[in-house]
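Below, subunit A partners subunit B and then partners subunit C, in two separate complexes.
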Partner chain A sequence: MTRYVAQRCAAGLGVLLVVSFLIFWLGTLIPGDLSTVLVGSEGATQQQYRELRHRLGLDQPLVVQYAHWLDGALRGNFGKSPITGLYATAEIARRAPITLELALLALAESIVLGVLLGVFTAVRAGGLADVMVRTILFVMFAIPPFVAGVLLVLAGALFLKPLYQIGYVPLAQSVGLNLRSMLLPSVSIAVPLAAMTAQMTRTSLLETLGQPYIVTAMAKGAPQRNVIYRHALKNALAPIITLQGYVFGSLVGGLIVTEQVFNLDGLASGLLAAIGRRDYSFVVTGTLVIAATYILANLLVDLLYPIVDPTQRA
Partner chain B sequence: MTATAAATFTGGRRGRLGRLLGHAEGRFAVALLVLIVLLSLVAPHVLPYGPTQINPRDALQAPDLAHWFGTDELGRDQLSRVAAAAPIALYSAAASVGVALVAGTTIGLVAGYAGGPADLALSGVVEIMFSMPALLLALLVVGVLGPGLNNALLAVAIVYVPRFARIARGATLSTRQREFIEAARATGCSPARVVVEHVLPNILPSMIVQTALSLSTAEIAQASLSFLGLGVQPPHADWGNMLAASRSFVTVAPWLVIFPSLALVLIIIAFNLLGDALRDVLDPRLRTGRGEQAGMRPGTA
Partner chain C sequence: MNEGFAGRLGTRIAALLGCVILAASAGLFVAPSAVMRPALAAGSAGGPVTVAEPTPPDTFDPIAHSDFNNWLVWQLAYETLVLVQPDGRVAPMLATSWKVSPDGLTYLFTLRGGVKFHNGSALSADDVVFTFERLMAKGIPYAKARFPNVAAVTAVDPGTVQIRLKKPDSSFLNNLGDPFVVAGAILSRQAAQATDPATKMIGTGPFRMVSYVPGSELTLERNPDYWRSGVPRADRLVIRYIPEAQTAVAALLSGSVGLVYPTPVTVVTLKRVTGLRVVTVASSSTFQINMGSVKPPLDNVNVRRAIASSIDRSAVVKLALLGEGVPTGPFPPGHPWAVPLAQQPYYQRDIVKAKQLLTQAGYANGVDLTFMWPTLGDTWPRIAQVLQSQLAESGIRLTLQQLETNVWLDRLVKANYDLTMTNAPYFADPSLYIVPRAGRQGPTPAELQTLLDRATQASYAQLPGIYRQIQLTEANLVYPFTGVVAENKWVAYLPRQVEGVTFDFTGSRRFYFSVRRPAP
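Up next, the complex of A and B:
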């Protein structure tokens, strides 16, 4: 087990290394670099450009620039933005909590709502309620997070005033206001994810409910609620958990657009702005943080798998 | 459920299109898409206003008989704009998935059939691309290419290459073990000919299913990029950038938000239904609940 985790972590670090180089390389393909952004396109002589490029190290070969960055990164220095004057790590430390909270809330909402709706439809499989809820889920699945976000802003302004708080309030300042500012953004991300989780729960639970031991449990007179939640759902969990690894990719996409919709100053909106102003120290570091979280999330899913499904234990 | 399953079985003797139309969801999806195509073809000739025609005196009009979907802050007719965005949505989804299909299938065929170092190198690249969330990768690619419709759809195409490559590789690996491939090789076919004439036709159904399943998420990614200001550029209309522009008027003019949203959700539903139906018709072995199928396409935008 320890060896497996070590192997996976090593592979993950390797991928991060390659990803960091790729982003560096992508950066050099963009027409115009930091120097043109800093100086502006007018009024600077070629001489000034050259000096600035030299000072920023932009005139060195790609591999040298990368090696220089990597050397710093390994010591915890991920570079400083020449535009904002902020260290990339400081910027990330400021923005990450917002994004992390949003992501965790959205994930929690999608799992709770998805599993409940999945159980609801599986138990009533074939009935009218099943068909109706699944139709709703089918529509939910087709609502992109930014559409859900904009529609929730509309709903929030018109009908849900007490639930809607414009502008982020830090958790440390006020828990209530913080949750109010995060509720609609997280729900807009959770809408399609909950639909996915619900469908997976329904499929997996239906398969489990057909097993002989469920019939036995029912026959010995165990209450239906117990049979569903203790016996069946526990054994139906594995594919639902696997799905959450995939869900994480959608989650990141949802974060990127939702932070824009609700003007949240998180990691994703910082990344979007940094791409716009060619601020590579932040683009590289921010992307690495997200990629690392993504790899870690998938590792966690793979580690959870043998816990819920003993047949998968090596 | 049983009705659709029966449709799949009884459709055995008909052609693939016939079987798709014999499938309830498939029929609905095809009808919806044909309707969207027809409307988008007819709209420019029927609607009295152009999609970029500015008319400040009619700014922010609620829906009425003159402007069925209302007007935006510049007095542009929203019905014309929503209709003008439909061909863009169809084109961008189809083109980005099409490019990814061709590139991914080629990579998967080569990697799966050649094996060895070529497989290792190609699969390595594919796995590394998979380690990045889809929209994030698309964002970085558009950052390099610059904003615009074609660049955004190219970015989405690049992001979608790995999933096609992975499926093509897997299908190729299992196909190349079969006797008829060995027979073709024994008769002296060149590797290129074996791949194109014998392997490709056998992996094609899986690829078509994946294509159909990818249309909706590709459209979501494309609209998301437009929403972020990186796709279709104003004044040209796209449901994504229309939503981005009307965000500031959300309480004053809700119709500016509602109609593009409805159009986008409707086309995604049509793509989803088409994907499910094609999967049932072409590859019944994959038939499971929607959630599982959804799980097979990670990285929804």
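Up next, the complex of A and C:
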């Protein structure tokens, strides 16, 4: 087990190295570099451009620039933006917890809501309640997050003032305000995700409920509640857990719209701003954090399998 | 056994989630009382004023950014030797008086006594020397270009600074007194060597910086040592950066912020809301069409004239700005030196003439051009679409292309485009409304260069006449750009949270010095 985890971690580090170089290389392919941003729309002579690019080290070959960055990174210095004067690591350390908290809360909310509704609809499969709940979930899933987000922000400002807090409040500062700042954004992400989880739970559970051992359990008169939650749901969990691993990975990198709409200065909106000012030390480091989260989430899911499924145990 | 383990695990997870949700809801209901206290304290006069700005500053260093939105915060904490007033007069600021030598090459400034930087050190002539040394060594090209003729800055004594110019420069005082303090902000040598000016402002201004959460919130407080008594009126000013326009509206409606800068879209909603005030100003923010005059067909003056003659500026105002603006030349419409559009060649729409000009240029069948613009807001694509249909009538067919802002910048400053649009803010130095920018277009025509050189050497009294000639020449050559429209700007605020709002056409935020929270 330990060896397996070590292997996975080593492979993960390799992936991170490749990702960092790819981002570096892709960055140079985009027209407009740091010197363009510094000059702005007011223009500069060719001579001024050359001087500026030299000062920023942009005239060096890509491999040299990358080696320079990697050398710093291995010593814990992931670079500093020449524009903002901020260190990439300090900015990410400030922003990542916001995104992670939002992603974890949204995931937790979506799992609770999704699994409960999934069981509810599976048990009533084909009935009116099933159709109605699934229709509502389908509509929720179809609403784009920026529409749902803007509507929630405006509704929050007008009708839900006690639940509404614009901008992020750190957990250490106030638990209540922190949760207020996170409630509407996490709900806006959780609802469409819950729709997905509910559908997956329903399908998986229906399949399990048709198995002979369930029929046997029912026939011998075991309480229905026990049969569903103890016997059936437990065995139906594997695909749902896999789904959550992917969802969490993509959530961390994909919260940009939500962060913009709810004015949370998380990792995703930080990345967008950094791309806007061609601050590649931040872009590369931020992408590495997201990639690492993805790798860890999937590792965690793989480690969870043996717990829910005895056949997977070594 | 396994089943039992998994079962227990399931129960534990459920219990844990239950606890989390319970804690969350408890927190939510506890929260209102937790926020009540600061909110009540804020009710008293002189309490904090909270405003929302759409664009967070990337840097606090006043020699390191060329974008207007980034400048807005510098003027709150930094000051300049002199100050250009909205009416164009140059007033004393950190310098109480100045003398110019008869040849116009030497300026002698007497510094105000008793001025302190936010770190407690006293302003001296050495700080002014340091400011200019630093600008020349580290300034971005745009900042340096504000003072192209400064030869030497020397401290005569701690209270007197001498600035020598290479040649007379009629724009010098105007750039020195830019209300947005670009390049001219006086820094403290001591402070700038100890703290990176990109991350912290240590100036002599009315507000001093308390904290900044990058991209999110800037907190300023009254500078207790400020040399003018009673300024600023507010103890504390909190600026929250909210890029999303609808979110800013929500923040205003909920009272989280007391003042916002609406967009052309959100202002329509806000004007209908009772209990808040919306101030409209005809601003100096203008849009111009730039033509990549380095290569055919746009190196041909008649093609450029045909394009200029195809534009119906009033229709652009009506359709793209929803009536919230006015047609303009290179100078904003209210500027005393602006030549009326009726007198400028090729500023009136004339499709017949446009077609003639195209035929003369050898493009009787029309031309195909690309029109690019940056991703900087809804106004840009709307203007582009209106222009596309207007130019089509003369046979000028535009392919529209919206680009990521830096990709656009890269092509703009290398003159690698057919047509594009730029947005100019208020400039304290009027020459910036008309000078061609380095690299953005083809070579400057000789007759225009002669006039531009004359303007630099001229006395201030001669400038209006020369600038009139420059405007007429540029309109005739349709070079380096042709003005299109000036847009209105708005500020919306809650009178119960903010009083003393006086927004003017420059877009300056100096009115934050006079705002405060009214007594409840």
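One rule holds for everything that comes next: the second predicted complex is superposed on the first by the 292 of 314 C-alpha atoms of A that agree within 3 Å, B and C clash if a C-alpha of one lies under 4 Å from a C-alpha of the other, contacts with A are read in each partner's own complex, and residues count from 1 in each chain.
Going forward, a contact is a pair of C-beta atoms (placed from the backbone, for glycine too) under 8 Å apart; a residue touches a chain by one contact, two chains touch by 3 or more.
Remember, it's a predicted structure, so these values are computed and weren't measured experimentally.
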{"item": "First, second, both or neither for A:Met196, with subunit B first and subunit C second", "value": "first"}
{"item": "First, second, both or neither for A:Gly253, with subunit B first and subunit C second", "value": "first"}
{"item": "First (subunit B), second (subunit C), both or neither touched by A:Val150", "value": "both"}
{"item": "Which superposed partner A:Tyr213 touches (first subunit B, second subunit C, both, neither)", "value": "neither"}
{"item": "Touching partner for A:Val261 - first (subunit B), second (subunit C), both, neither", "value": "both"}
{"item": "Partner chain(s) touched by A:Leu52 [first = subunit B, second = subunit C, both, neither]", "value": "second"}
{"item": "Touching partner for A:Lys161 - first (subunit B), second (subunit C), both, neither", "value": "second"}
{"item": "Partner chain(s) touched by A:Tyr4 [first = subunit B, second = subunit C, both, neither]", "value": "neither"}
{"item": "Contacts of A:Ile83 with subunit B and subunit C, given as first, second, both or neither", "value": "second"}
{"item": "Overlap of subunit C and subunit B interfaces on subunit A (superposed complexes)", "value": "30-31, 150, 153-154, 157-158, 260-261, 276"}
{"item": "Subunit A-facing residues of subunit B, complex", "value": "1, 127-128, 131-136, 139-141, 143-144, 146, 216, 220-221, 223-224, 227-228, 240, 243, 246-247, 250-251, 254, 257-258, 261, 264-265, 268-269, 272, 288-292, 294-295, 298-301"}
{"item": "Subunit A contact footprint on subunit C (complex, rising order)", "value": "2-3, 5-7, 9-10, 17, 20-21, 23-24, 27-32, 34-35, 56, 58-59, 61, 64-67, 140-142, 145, 196, 198-199, 213-217, 240, 242-244, 246-247, 249-251, 253-254, 256, 404-413, 422, 437-440"}
{"item": "Contacting residues of subunit A [partner subunit C, same complex]", "value": "30-33, 36-46, 48, 52, 83-86, 91, 94, 108, 111-112, 150, 153-154, 156-158, 161-168, 174-180, 183, 229-230, 233-234, 260-263, 265, 269-270, 273, 276-278, 307-308, 310"}
{"item": "Partner subunit B, residues of subunit A touching it in the complex", "value": "15, 18-19, 22-23, 26-27, 29-31, 118, 126, 137-139, 141-147, 150-151, 153-154, 157-158, 192, 195-203, 206, 239, 242-243, 245-246, 248-253, 256-257, 260-261, 271-272, 275-276, 283, 287, 290-291, 294-295"}
